[in-house]
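Residue numbering begins at 1 within each chain, and the chains themselves are lettered A, B, C and D in the order written.
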Amino acid sequence: MRVGFIGLGNMGEPMARNLIRAGHRLTIYNRTRQRAEALGSEGARVADTPADAAADAEVLVTMLSDDRAVRSVLLGGQPEGTSAIDALAPEAVHMSASTIGIECSKELEREHRVRCQGYVAAPVIGRAEAARDKALWVIAGGTQENIERCRPLMEAIGRGITIAGEEPWMANLTKIAVNFMLATVLESFGEVYAMLEKSGMDLHSFLDVVNNGAFRSPVYANYGGMIADRKYEPAGFSLKLGLKDTELALEAGEAVQAPLPFASVLRDHYLQALAHGHGELDWSALAEVARHNAGVGRTQKAGG
Amino acid sequence: MRVGFIGLGNMGEPMARNLIRAGHRLTIYNRTRQRAEALGSEGARVADTPADAAADAEVLVTMLSDDRAVRSVLLGGQPEGTSAIDALAPEAVHMSASTIGIECSKELEREHRVRCQGYVAAPVIGRAEAARDKALWVIAGGTQENIERCRPLMEAIGRGITIAGEEPWMANLTKIAVNFMLATVLESFGEVYAMLEKSGMDLHSFLDVVNNGAFRSPVYANYGGMIADRKYEPAGFSLKLGLKDTELALEAGEAVQAPLPFASVLRDHYLQALAHGHGELDWSALAEVARHNAGVGRTQKAGG
Amino acid sequence: MRVGFIGLGNMGEPMARNLIRAGHRLTIYNRTRQRAEALGSEGARVADTPADAAADAEVLVTMLSDDRAVRSVLLGGQPEGTSAIDALAPEAVHMSASTIGIECSKELEREHRVRCQGYVAAPVIGRAEAARDKALWVIAGGTQENIERCRPLMEAIGRGITIAGEEPWMANLTKIAVNFMLATVLESFGEVYAMLEKSGMDLHSFLDVVNNGAFRSPVYANYGGMIADRKYEPAGFSLKLGLKDTELALEAGEAVQAPLPFASVLRDHYLQALAHGHGELDWSALAEVARHNAGVGRTQKAGG
Amino acid sequence: MRVGFIGLGNMGEPMARNLIRAGHRLTIYNRTRQRAEALGSEGARVADTPADAAADAEVLVTMLSDDRAVRSVLLGGQPEGTSAIDALAPEAVHMSASTIGIECSKELEREHRVRCQGYVAAPVIGRAEAARDKALWVIAGGTQENIERCRPLMEAIGRGITIAGEEPWMANLTKIAVNFMLATVLESFGEVYAMLEKSGMDLHSFLDVVNNGAFRSPVYANYGGMIADRKYEPAGFSLKLGLKDTELALEAGEAVQAPLPFASVLRDHYLQALAHGHGELDWSALAEVARHNAGVGRTQKAGG
């Protein structure tokens, strides 16, 4: 398939590589051209502009960091008519793998519809290692026909697919909900570790119970270990982006008048982390806020 | 081994049965004698009092609902000298499988020490089905010697053991911390489901992502399914006891000056559930509070 | 002075009336013309469009419900050039009494500056009765010169003025902060009353302590009484607008990375109130959420 | 009247002095005898034990820091029969001015009843300066007869009295509720100041609006000023005791299944303050937690 691919960050680059390896012909674009050129040597054509990447594509895949980036790259275009969306052929499909908000996804859906283009939201679960290992989980939203057209690409990057619904935004909301649940795990570890550490306990025997006795989940094993060992660099997914995702959950909740008290706690702790200069650490550093607030590492005084 | 066993509730009964099946000679006691007699027909001797169950035991196992019950059964005894702890022989070991607080566990440790008895805290992870299937995970706290003496019993009821530390309370704190993390999962499902349901989404395709794409954890599969289907009866572990466990976490946090904002949210939601008459449902009904507060099931009016 | 006045809601109408009574010549505009005509009989000229109200004014006063309304009325205008801001004369001053966000206020400042118009943010403290009684408190932000030009109007509607700073947005942020503090009082009353009522206590003797012993504040007397008596209609200020103000506080906090945990609780409770259909009640009905969650009024069952 | 007075702390000492000045004959006791002797020179007799202070009293006034202290002083007494409550004459009245919990107050009521002694709970509103200036507000709970017997003492220490109900604990719960509301004001100031300071605003013009435009309350003026100026020493009422009072509110709420989300936030912030060593500062230092978490005073970095 002729595939345009925009956005070669931590996640996008290994995804694009897996598409190349699966035999697709890629035209790739990245704001920082350097990252694109590495893949150029593996067989992709490097485009000069987003529009250039979109022009000839049967499917245009985007993997960008947030709503603003998606809007700017897809719809931006100065002068009028040079945006990626205008370059994309009618009948082509845009497969948007970015984690974006509901409103932004609905806007894309409208914009593609008026241009007779297809649109599939296909956010993915998994970090950079999973992207590299073809082990992402794809959440697909869109019409059955459009999803089928993108399926070979989804299969080339992931180990499984869930169809969230006929509406593309349903895939985005699913992804937002999953990321919210993941973030609650980070906060839970932060609070529990603070309590255990101040009580003089060993975190690794606790983790043994978590991993073998209770949750038996790769998510808990991975984050529980990272947080126990305070390995927050290099960031697989930055704390700053974590805040963005919690904001998306709060917005989605507000849109349907659903309070999310846990998301409110997360937001407050993310802001504290940012205020203390930790925005570029891995989002699992969210757990440091609870530890810091509990005074872990300070010399204890009796009675405070 | 000659084993005394006190407390034949949802968890205690299948645990005792597995001990019998492993060949141990059990003397059992339960406040409601009826539950004891069922096991009596499987080979256990039914005792009339806690002291009677303890009198001849090499190891006394207790599986009771809370601090108060443990104190009353172990230390209670009127007149003076007829409590289970006084009936227990010196050199015998008390293996306490109940989920109790740190202070209560430390008190037991002192009481046993002055009587030259051993004390092992051995709370377990798993619900009634896991108890039946010999699939509990045992968290053991105590001296190596005492733990070794109890090991055959632990192996007869569970699929694995983690040693939390030399101090018995360390096992209790580990269990409290795990239960706190489990309760955060219930709340997370409640909030996320409220958002998804009010958005018109299908919970089961969300669960497919949770179970296959993200967490891949039996805990998430089990509770995610129960909450999606609102199966809260019969209660495997009652909401009222769930509150007790969150209170234990808050106390343990306060003792070391560690704030636990998630536990505070849980406590508030548990209280709301109790105030609305749901104390006897399964603790996973905690998730109903977030749904109720979001107005799930109400007819929506535009703009509230 | 020749004054344009846009927005004759609960607050705007009595403010406009006091300006008329102070001898100013008003041209008034309201979306629902009927409300304007009542004042027309008291000497104001009724304008057909926002631009019409602005055209001849030395000072244009606006009192609108939110950012969107302010943007639409001031900057809106179709076709191009017919908006109120374009009708306003250079050298005229816009005195914006609405409670709006920081970003919106900064945008107005820029728009007025490029047109050589003055801009003063002048949000007010007080409810409709205070507006009627000339008892508002005006928070003024802007250059000293612009504020002096508006001072006669401020004196005609209020009992005092605080100058928040040279930047108009500083007045807006002050107002947002005050409204946030007011909302925390509503929530506090809700929680405390729930506890007292479920304990079987009389709220009015509690209020006697609050009013005479502790706070001695008209705010506590007023809201404490309304909430005790559940008088939420007619709404002086609607719950839906209360949520808007808390959102403004959260946004202002996020802009400077300041977590506001109390505002997060307020937001969650506002959303619950909206989800249950109470958006048009007075914002003091926020207190009903805490009462409802505590099950006030339900028949209690022992142990939940 | 012959008055026994136990507890000469920040509050107790000026209260006792006002009783002496009103012409009552005081026998005083304080754990640290030194504080008692200062008052001895003003006409009080200094007792050697709590029992000694109670022995001859028509009314025994106690002003102690918490449940534990009240229980130890009143009921303690080793050997049996030497406690203050046993020394107090039948028909005498105990007027308990301490801020204690509901359960403790109910226990005192029972203990006095079986001894045919009267019991009035009479906690007071006001800080040390109010105690000195005879400006406390007394919340009285008990039978009309007992309250009347204590009235001259209440009038000698305060500027007004509210009768909370026939049950002594009702006065305690009223006091707990008021202190909870006061603490929410501290937290509100903390959050709002953090937002204003990080936005570059002047706190004193904000306070002008709070004091003259909005709340017009001595409580807001006093704490708003202390927190703006960070004057937390000497402590009028320590942060450690503030936590105790929030715990009393949470307990009272739990007893009737009333969630108190604001109290939960307060508790978490108190614990953070204690964990960071601020337990002996004035309780208004609670506001520093919100400021600290927002990074007030840190050098800001763009984007965290």
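Here are some notes:
As a convention for this text, a residue touches a chain if its C-beta (ideal position, glycine included) is under 8 Å from a C-beta of that chain, and two chains touch if they have at least 3 such contacts.
Treat the numbers as computed from the prediction; the structure is a model and nothing was measured.
Between B-C and B-D, more C-beta contact pairs are found at B-C. In terms of their C-alpha centroids, the spacing between chain C and chain D amounts to 37 Å. Once the centre of each chain is set as its mean CA position, chain B and chain D turn out to be 39 Å apart.
With each centre defined as the average position of its C-alpha atoms, the distance from chain B to chain C rounds to 51 Å. Contact of a single residue of chain B with at least two other chains is seen at positions 198, 253, 257-261, 265, 268-269, 271-272, 274-275, 293-295, 304. Viewed as a contact network, the protein chains are fully connected, with every chain touching every other. Residues of chain A touching chain D in their complex: 239-240, 268, 271-280, 293-295, 298, 301, 303-304. In the complex of the two chains, the chain D residues touching chain B come out as 253-254, 257-261, 264-265, 267-269, 271-272, 274-275. Every residue of chain A that touches chain B in the complex is listed here, in rising order: 125-126, 137, 139, 160, 162-165, 170, 173-174, 177-178, 180-182, 184-185, 187-189, 191-192, 194-196, 198-199, 201-202, 205-206, 208-210, 212-220, 249, 252-253, 255-263, 265, 269, 290, 293-296, 300, 304.
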